[in-house]
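Next up: some structures, all given as structure tokens.
Two complexes, one shared chain (chain A), two partners (chain B, chain C).
Up next is the complex of A and B:
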């Protein structure tokens, strides 16, 4: 109830702000295909007054219903805009913490990434892709959920010593993609990813993920927020020819408590 | 609200800086060394490296203090209210203060608004013996550095609260934790460790305050090797005490305790860290005949090399949990026309000691509590003259070998004075000692060391000695050992003292009162109820021409956990968890 009330207040404030900015905006205002009550607010947050349009080429793939609201699989596919991408910002409109992650793909990688996240209630999920021209391409999907995923204590963090003794342990594997020349790297890291919204458990989550090649070039960089699911499972798609020349990939992560984890893939 | 994207975050930061006008100077070594005289900030634990807790500010004084009133209070929020033993720091309009459960808050000193907070995510298996407390941060450059209950040092960005570096000092699974405020000396961050009840090995460590790289480690139990890092290489730096087995029997030195759980002070005149050590492990002294160095001692350590220059053991072969951790405060006094470079400490064991701080020589010692049973006095070197009738008996000589004879020892294990720091006034030349009058029944039991398990070999229960009071704030003359005045408090005192040039002495009580006394006479001049028990240490500083005073409120610490018969004097005290800030009204 509290959260809903807060959102309502924010919404009123923000609509006033966006009404003013709409006057000065040159672009035509496209209406939200999901008709989310938070669109104006979250757009201000993540895109600001930059030009944008809803673009079906940015795919947000979700199950129709979040059977487990603490582990919702999500795939963002911006392959259609490959080579032209500055960053991809992904959020859930009605989560108490909206931002899920921001992805900075290297121009040479396939801009497709998957992970699992926590959902608090049924919500629109967005992926906004900023291209080099300065225009945002927004993909949307609606996720139905019973909810509560963000305020439930993590299972490993809830009185179990498991997470602490295994913190940062990473398993990874790679396999070729069926469709076209590419390889998928998938890894799982032990981390409670506490949102700070469960009672008496402070926020504790991985904030930075960087995948580097042997030349220490950053191929993929992710900034994660609290809604990323416990024990994150993340997969990146890389081009096959990159894999041939690369030899060793290095995964580096850091959480908000300053713990750093490294793993050769 | 969360911020995303590089440009947005930078813009927001620039805006925040220009609005608040916060200077970006950062804390220098010079700031720390001169902290006592620079009244516009508080950048060291003890309000100056010597730990005198004396401020030259006198706007709030014995004549004006009755008009002092709170200007803001700041809550630590949530369910984690208990046990607020921190001393706040103040720099450039920001207060940096720790709260229980390894939390740090940055607060605007003018308004009490929160700027940021950091909550360490603690493992469920942490083993703090005596509550989930923390005693404060160290400041250096643009870093805020503190120790956590899982025995790590964490350096936060002073502007954002984000982690800059983090180092594991010891393994919490073995019983280590950190509760003391670290200390900065010439670019090094110095920390000790807690865990004397778990058979850990005490140590003092120095890290590069900017990078967090370890520089040296000095074990505080005889027989353990110290190390120094030269060009990134770990090099042997001498066994503490020369070699093992001199003052410990068998293998007991390997789990010998001597935890450095209260941190220390620093004397620039002699370039010495003064750090105390806790009880030898286990409590049962019959298992470890000998002096058990360097337990229950004060150590003078060279901050550049980590070598022990001298030690003074207050309770050799301790059998009562008389930790020797209490702060050793440097001060000078005149005797026969000459300046004596002295240092004083009020020990858990009931005696106050005045030492020559250049070499650790004993100058004089005297009781600062009304009754001491375990020792008949101190000899000419300051070593206690034991009364063996008051050492708890050896369980192995009893018929079933399970429980030794019980004795009634005074002071109790919580000490004539515990961690709560005393203050030294440069005006009155008196020490203001927060003491407690209590006794204990204590007996020994067999025990064996097991990693991560309590290692005591003793049972105990604590009891008051007077119906009227346990706590006594005493003004003590270090030159004569005489008590000048006293204030008696019903509940035990557990908070630090502050003395000011305004002829005032401040202390908080478990009943919740911040109290101000005339430093010369002990007359009560001020009191204000903060709503929960005070177990923190007050500070004072000057801002925009006005004198401010802050203290934490939030009952907790060791007393409610180990209280025995004392518990009924404190069980009605409610938890809080806030900072209170006071000043005089503008005329």
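Up next is the complex of A and C:
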């Protein structure tokens, strides 16, 4: 085991050295705080050879253990980097489908988002924030799990009458944010969010979520992947001064079958 | 980090496995003819083998009434020996109070006695027992060896039983697990609540139909006439103190979750909140709180939309 750790460190060092032209010297000694065997692989996949560093200001909130592997609560808070964010890519190293979502926050929103996702086994979860200077800031957390969340059919059941008659139905509510001022939009949409990994059930999931203001500007855009939990509950935080046009916000979603859902918030 | 932990676990396990696994159960006589086998106020672990539950037996003149059989065949076997060391009387009634694994997976050791449970409990064990058993293997390991689900064969349909000098009352509730049997020995004044009441250990909520239902059930328990209370988990106590603690915790949890939902908190934010100072000293308080948020918050959140 020690040998494996050593090897891992060696690998990290080697790959860092090989990319040394693009990377600062500091980075060469930065090793994955979670020590996940998949870090190099998933980093290549999601951020390529771009410069990055681990940044505790990017907060990945997770429970220590996935009590329900089909509904693991996840909150990403990149408030410390607000105004400088290109996008936030979130993934689970050891999920069969690693990507969970990518968030494109408007410079004026509070870059904090929460949703629930499915997990197949214990895994590191990453939120990589690309800033305008082209550097990635990576926040990490470890989630322990007994497993099975991705290969369990949704409980509403793809093909069950419930969602067929309620697909895309959306409930929403706004809440004043107590601490910093601002407003939170939380919504729940009926959708099976099938991964395609459970027996004979094709993938069927919402891919796009956009929150627009009255001027049809996109304030928050989410690209979701299959691991997002069924009947998604998602919250966005907006700054107070953006909330002077109550009722003017519009939520728009589209799934991989081309169904579109809209809701005025 | 994880691999280091695995190494640690391996070392730990091999040292545990080198000695034969034994619970070394002991029974304490808390009232006339009434014995309690008290478990640890911990979570399931390879160190405790799942012995975190209270089982109890009453030795009447006619025979023994056993309340719950523990988390494994090994536990059941030791429990049976323990009963045999106290009395030669036959075991006439084995009761499974509800369908959680630490309360019925010792049934195999009592196959030659009739095993009773509420009809709904029997159904739930038939549906979920195997999954529970698998999960227990994962959580406590080799202690579970050869343990298999043995269903309670007798649906409990009576609410009273007279055996020897003892008069028992069976009370059917739902608050903790959807079907919960409470046993009152009217002769000794001992109330066996099983998991309807936890004491000095945080309660668990994976199958509660509704915290408000559980609270309503506790209000019924508070009206009963009894002297000693044997909870499902935690020490035996006199009077209503354990019910009061369970009730207070449930009321607090219910209020916490509805207030959090009203404020629009995410599930993660609810998990991060501090515990009420009245409860943070309970065994495994933080861990059970986090589990309860996972079990229950979605309902409160949905109700708020």
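Everything below uses one rule, namely that the second predicted complex is superposed on the first by the 232 of 265 C-alpha atoms of A that agree within 3 Å, B and C clash if a C-alpha of one lies under 4 Å from a C-alpha of the other, contacts with A are read in each partner's own complex, and residues count from 1 in each chain.
Criterion: contacts are C-beta pairs under 8 Å (C-beta built on N, C-alpha and C of every residue); 3 or more make two chains touch, one makes a residue touch a chain.
A quick note: this is a predicted structure, and the numbers were derived from the prediction, not measured.
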{"item": "Clash-or-fit label for the pair chain B, chain C on chain A", "value": "fit"}
{"item": "Partner chain in contact with A:35 - chain B first, chain C second, else both or neither", "value": "second"}
{"item": "Partner chain in contact with A:89 - chain B first, chain C second, else both or neither", "value": "first"}
{"item": "First, second, both or neither for A:257, with chain B first and chain C second", "value": "first"}
{"item": "Partner chain in contact with A:192 - chain B first, chain C second, else both or neither", "value": "first"}
{"item": "First, second, both or neither for A:146, with chain B first and chain C second", "value": "second"}
{"item": "Minimum C-alpha spacing, chains overlaid - chain B and chain C, in Å", "value": "24"}
{"item": "Chain A positions touched by chain B in one structure and by chain C in the second", "value": "none"}
{"item": "Interface residues, chain C side, partner chain A - complex", "value": "1-4, 6-7, 135, 138, 263-264, 266-269, 271-272, 290-291, 294-295, 298, 301-302, 304-305"}
{"item": "Chain A to chain B touching residues, read off their complex", "value": "45-46, 48, 87, 89, 97-99, 102, 157, 159-161, 164, 192, 194, 196, 199-204, 223, 225, 256-259"}
{"item": "Residues on chain B engaged by chain A in the complex (per definition of touch)", "value": "2, 4-5, 8, 78-80, 103, 119-121, 123-125, 154, 162-166"}
{"item": "Residues of chain A that touch chain C when the two form their complex", "value": "1, 4-5, 34-36, 61-65, 67-68, 71, 73-75, 114, 116, 122, 142, 146, 171-175, 178, 184, 186-188, 233, 235"}
